[in-house]
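So, here's a batch of structures to check.
Shared between the two complexes below is chain A, which pairs with chain B and chain C, respectively.
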Partner chain A sequence: MNFNPGDLYGVLPALLLAAGALVLLTSEVFLRPVEPDRRYQAWVAAAFAFAGLWASLAQLGDPAQPLFAGAAVSDGFAHIVAAVVCAALFLSCIVAFSYLESLRATRGEFYALALFSASGMCLLAQATDLVVIFISLEVMSLAVYALCAYLRRGKRPAEAAFKYFILGSFASAIFLYGAAFAFGASGSTRLADLAATVRSGSATTLVYASAALLAAGFAFKVAAVPFHMWVPDVYDGAPAPVTGFMAAGVKAAAFATLVRILVSGYGEGGRWRGLIVALAYLTMLVGNLLAVPQRSVKRMLAYSSIAHAGYLLVAVAAMGTSAPRADAAGALLFYLASYGATVIGAFAVVAIIERKLALSGLGDDLSSWAGLSEKHPALAAAMSLFMISLAGVPPTAGFMAKLTVFRSAIEADLVPLAIFGVITSVAGLYYYLRVVVYVYMVPEAKADAVQGGRLLSAGLAIAGCALIVLWMGVLPGSFAALAQSGAAVFGR
Partner chain B sequence: MAEAVLFYLFAAGVLAGGSQVVLRRNPIYGAVSLVGCFFFLAGIYVLLSAHLIAILQVLVYAGAVMVLFVFVIMLLNLKEEELGELRFTFWKVVGLVAVLATAAVIAWRALGPAYPSTGPARDNAILLAAEGFGGVKAVGRTLYLAAVLPFELTSLLLLVAIVAAVVVAKGKI
Partner chain C sequence: MVDFFHAHQAQHYLVLAALLFALGAAGVVLRRNAIIVLMSIELMLNAVNLTFLAFARFPLVANSPMQGGFSQGHAAVFFVIATAAAEAAVGLAIIIAVFRSRTSVNVDEFDSLKL
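Right after this comes the complex of A and B.
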């Protein structure tokens, strides 16, 4: 049980991201306290995020192996999640650059915290020990809480961050309680030992209580109903680039860990499936219903994020059956990647609009989107593409992702759940297309163009997201193959 | 036998202290109850043969951390009227009933069979405890060898917490 330095290679993406954060924090010390000096930071952060992406993709072909005496694992599933997180961070850094520059809010801590939280996410995807999961979860969450409170202009951001912090701590406590029960049942914090206890069939009540509590803790992080109360306020109050990163990164890491705990820890028997199925029904229904009356695009996207958590839970539920588990895991990974690309793009457009609103002191309302197509046809087209992808219309990534998830649910004998998912996503068309209607068909009340320069970098990020969304929608083959290779660790 | 009596004594102390932390309106009383709770918890650690953890619990938590807590509470200097009114709402009652019911079910169904007072599991635990268990050396070996990843991650967590606190405490950006 000695320390093996080779294990550090297995957590290379997380190490790279943490190193990037340290470089940014240290470099800040040597700077004059003026704004233009700090422009390099977004690009340094993006470079480290890209390095993390490269490292996780480079490790993809390696055989799965346990690290640090079984506390973590280096396998395809974790590498794909790490790649999604790093790509999300890369795009978010570029979006944040123009956003923070125009609001004169560039500080080193912003990118450092984003890098720290991404390193927590990468470790979360690799962790196979409840203690490591808890600490990585806190690394990720603490950094994200602070990012939400980063821009405190007006009342809403502070309220959002505080709400997120209090409720998030509560969810962490619930997770910890479940972890204590799991330790009580199995005498170990390793998921493998927990699986052995579950297989032996002793201490059943304790096992079920721990499974329910651990799932509840992560249901909060993935924004599943009834643990969704924080989502609209936090998504609305946080700066738009942060919201995009949260929606893509936190969701990917939390879903990966939820799957890891349920399948690797409580896999045998799959008695947890009923719980996840119930959560999926509730989440799809409530998320889509509450999104309908929203006038603020950010709040609408928040409820849409809840609804998408429901579709992802369908894939998780499909992993609890005897049907080929790897298919469902592959569908989950594909969905996480496509949702990440779409939502970061959508929030990048929101960031441009929000910046205009912040500079002119207006509130976020659909009417501020009216007539966007006349002044900025490219932005309007991109936003429409992202909305169509979120709604799940071909030929976009969202359609292919929903298709694979529902197909895996049908293979797993969850036909009613798949039908319910299709019906709710059709209902979702209404509120997604309403944005498109405002962008293209509603004339603008009074003319004021999007102010401020530096649209170029945000535009690049939006173009990148749009490219990925179209690519995954039209030619999903290579992405699906990648997701399947990552999902192979869950066997059969 | 004496062990069981001590355990129930300490457990009752932890529960009483912990519930006072939540129920007391004045934060200073809450902080002092928390100190008591920590001391009883240290007693339970001693019963588990975790001597080092028990001492650290008293030194670090009941000592250093609590002093900081009390400082912060004193600096905030909350007035009685700022604490707001104590109200019983429907949902609070529902929450209380849910908590009590969950605790009862867990205590009744789960805890008994999971923590046997006799049998091989307990003998095994006593056997393990003989080998310098709970001392500085054993804890150190566990911390730096078996649990090296969570140990190093904790340092990352503390750094993130410091940076996050600076960001939040800084003036408005």
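Right after this comes the complex of A and C.
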């Protein structure tokens, strides 16, 4: 096998992030005697995340080309996903800085782990070989498991990490079994060779079994019902900045790979569409229904993330027909970007509220949000903006994203699915607006809800997220054009 | 029947691998000890390795479109083994973290995140 060093340029964002992680780990060794203050780590990590963002945006115009003898690909779709991941990492580093400082929990590993997981996410979006997908998936997941357990206070973080680890590894094993079947059916682990086998129509039982197992493995990762049981516990138990990063980054990378496997590997005929449509119905219904009774904002956001996985699955299902495939892929990318910006902002606000609770190892409750508008009107306004964006109310990013997804579903003749999506998102208004009601209308019960101090960097990140959410909602043109250019690789 | 047991074919290994995978999956779902749950996941991964090797040694299709041919199945197994080792390391570290907070590795007692 010929190794072409020029191919390394195609995976530049992942390389930059991995290099950043190594720099942070090494600096931890060498600077330990001199520098007990580790605040520089957040800024180094943010700088590398920004470099990754810049690299992935700089590569946007490059023509799509296979890398490493077809094991990966450098195309617009992967670059957009890498940009979303790097932007999510950048914002999460800034949020985590103030969170960890206020908890006095800045240790050496946190930012290195975050960079490693982000580099796995970037590779995941580029991989076109089932073994490469598996390895990138594990690079991403192992780092995120460790990040979930990062806060060593109380029982909850380690328990959340354990649940995530067991179900995540279980899903990886199922995915891998599907990869083995695909290898048996086609004699190759490349998605392109798999597509050729699917087209020729041979070894159908093995092909169907592999498609089902691969889809089930990724349904776990994207938190589709009925593979969603881990989500509320993990989102609840993990530190809030990590949860935001997971919700934005892991979801983007996992959805990109799911699309890559289904469209590039099993694309011909689109017989997987029925499966995805069923998953989308279930996920939208169950996610929205179970979010209603939640008193903890983190758990509510976890179920909301399941519901959003359902809306994203609508876009994936719309890619099952050949006609508007690029439109649906563009809608998916736009949705991933808007959801990422919204959810990182929301979890950044949760992080500020949570810091006192995290010290005592307890969960959060809606009552700790009461009266926020009197003490911190800016935080209250930002949280309300993120909530109405998640609910899909104009003029926010969430509205434009839902609009494009449902429009692509209607173009793909999935009208009942689109109608069902609209109905469930209207139902979702109830639990999102309840947070707004608590923030603005319920008088404060306890006097010590939020402490000041070190709010500046988290405030900057929240302001950045709010700006993106409003920008994508009011002037979606440039973002939509970017998403469309990234989705053009699926335009066949 | 004689052919099934004596001919050198993939199906013996595939059936064995499927059984091992099912045993591992059952272990993850049913066993209550966190360490045994971890072992069950390793069993699932090894069942996958056996499947890869069976397909590499007794191919179902005439020729492999990849460079290196069916030996890519052997290569995949090495990657899986390496990844499984990393997974076990992280998993054991998490189990130790859980054990330190509650001095038990019984999965039924991990309930501080329930509603």
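Note that the second predicted complex is superposed on the first by the 478 of 492 C-alpha atoms of A that agree within 3 Å, B and C clash if a C-alpha of one lies under 4 Å from a C-alpha of the other, contacts with A are read in each partner's own complex, and residues count from 1 in each chain.
Just so it is clear, contacts are C-beta pairs under 8 Å (C-beta built on N, C-alpha and C of every residue); 3 or more make two chains touch, one makes a residue touch a chain.
Note that the coordinates shown come from a computational prediction; the quantities given were computed from them, not determined experimentally.
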item	value
First, second, both or neither for A:Leu460, with chain B first and chain C second	neither
First, second, both or neither for A:Leu366, with chain B first and chain C second	neither
Partner chain in contact with A:Ile135 - chain B first, chain C second, else both or neither	both
Partner chain(s) touched by A:Lys155 [first = chain B, second = chain C, both, neither]	second
Touched partner set for A:Ala146, first chain B, second chain C, both or neither	both
Contacts of A:Ala195 with chain B and chain C, given as first, second, both or neither	neither
Touched partner set for A:Leu433, first chain B, second chain C, both or neither	neither
Partner chain in contact with A:Ala185 - chain B first, chain C second, else both or neither	both
Which of chain B and chain C A:Lys163 touches, first, second, both or neither	second
Doubly contacted chain A residues - partners chain C and chain B	1, 69, 131, 135, 138, 142, 145-146, 149, 152, 161, 181, 184-185, 202-203, 206
Touch list for chain A against partner chain B, complex	1-3, 18, 25, 67-69, 71-72, 105, 107, 109-110, 112-113, 116-117, 119-120, 123, 129, 131-132, 135-136, 138-139, 142-143, 145-146, 149-153, 161, 181, 184-185, 202-203, 205-206, 209
Contact footprint of chain A on chain B as seen in their complex	105-106, 109-111, 113-115, 144-150, 153-154, 156-157, 159-161, 163-168, 172-173
Chain C residues within the chain A interface of the complex	10, 21, 24-25, 28, 34, 37-38, 41, 44-45, 47-48, 51-52, 54-56, 59-61, 63-70, 72-73, 75-76, 79-80, 83, 86-87, 90-91, 93-95, 97-98, 100-102, 110, 112-113, 115
Parts of chain A lying in touch with chain C, wherever the complex brings them together	1, 69, 131, 134-135, 138, 142, 145-146, 149, 152, 154-163, 165-166, 169-170, 172-174, 176-177, 179-181, 183-190, 193, 196-197, 202-203, 206, 232-233, 236-237, 299, 363
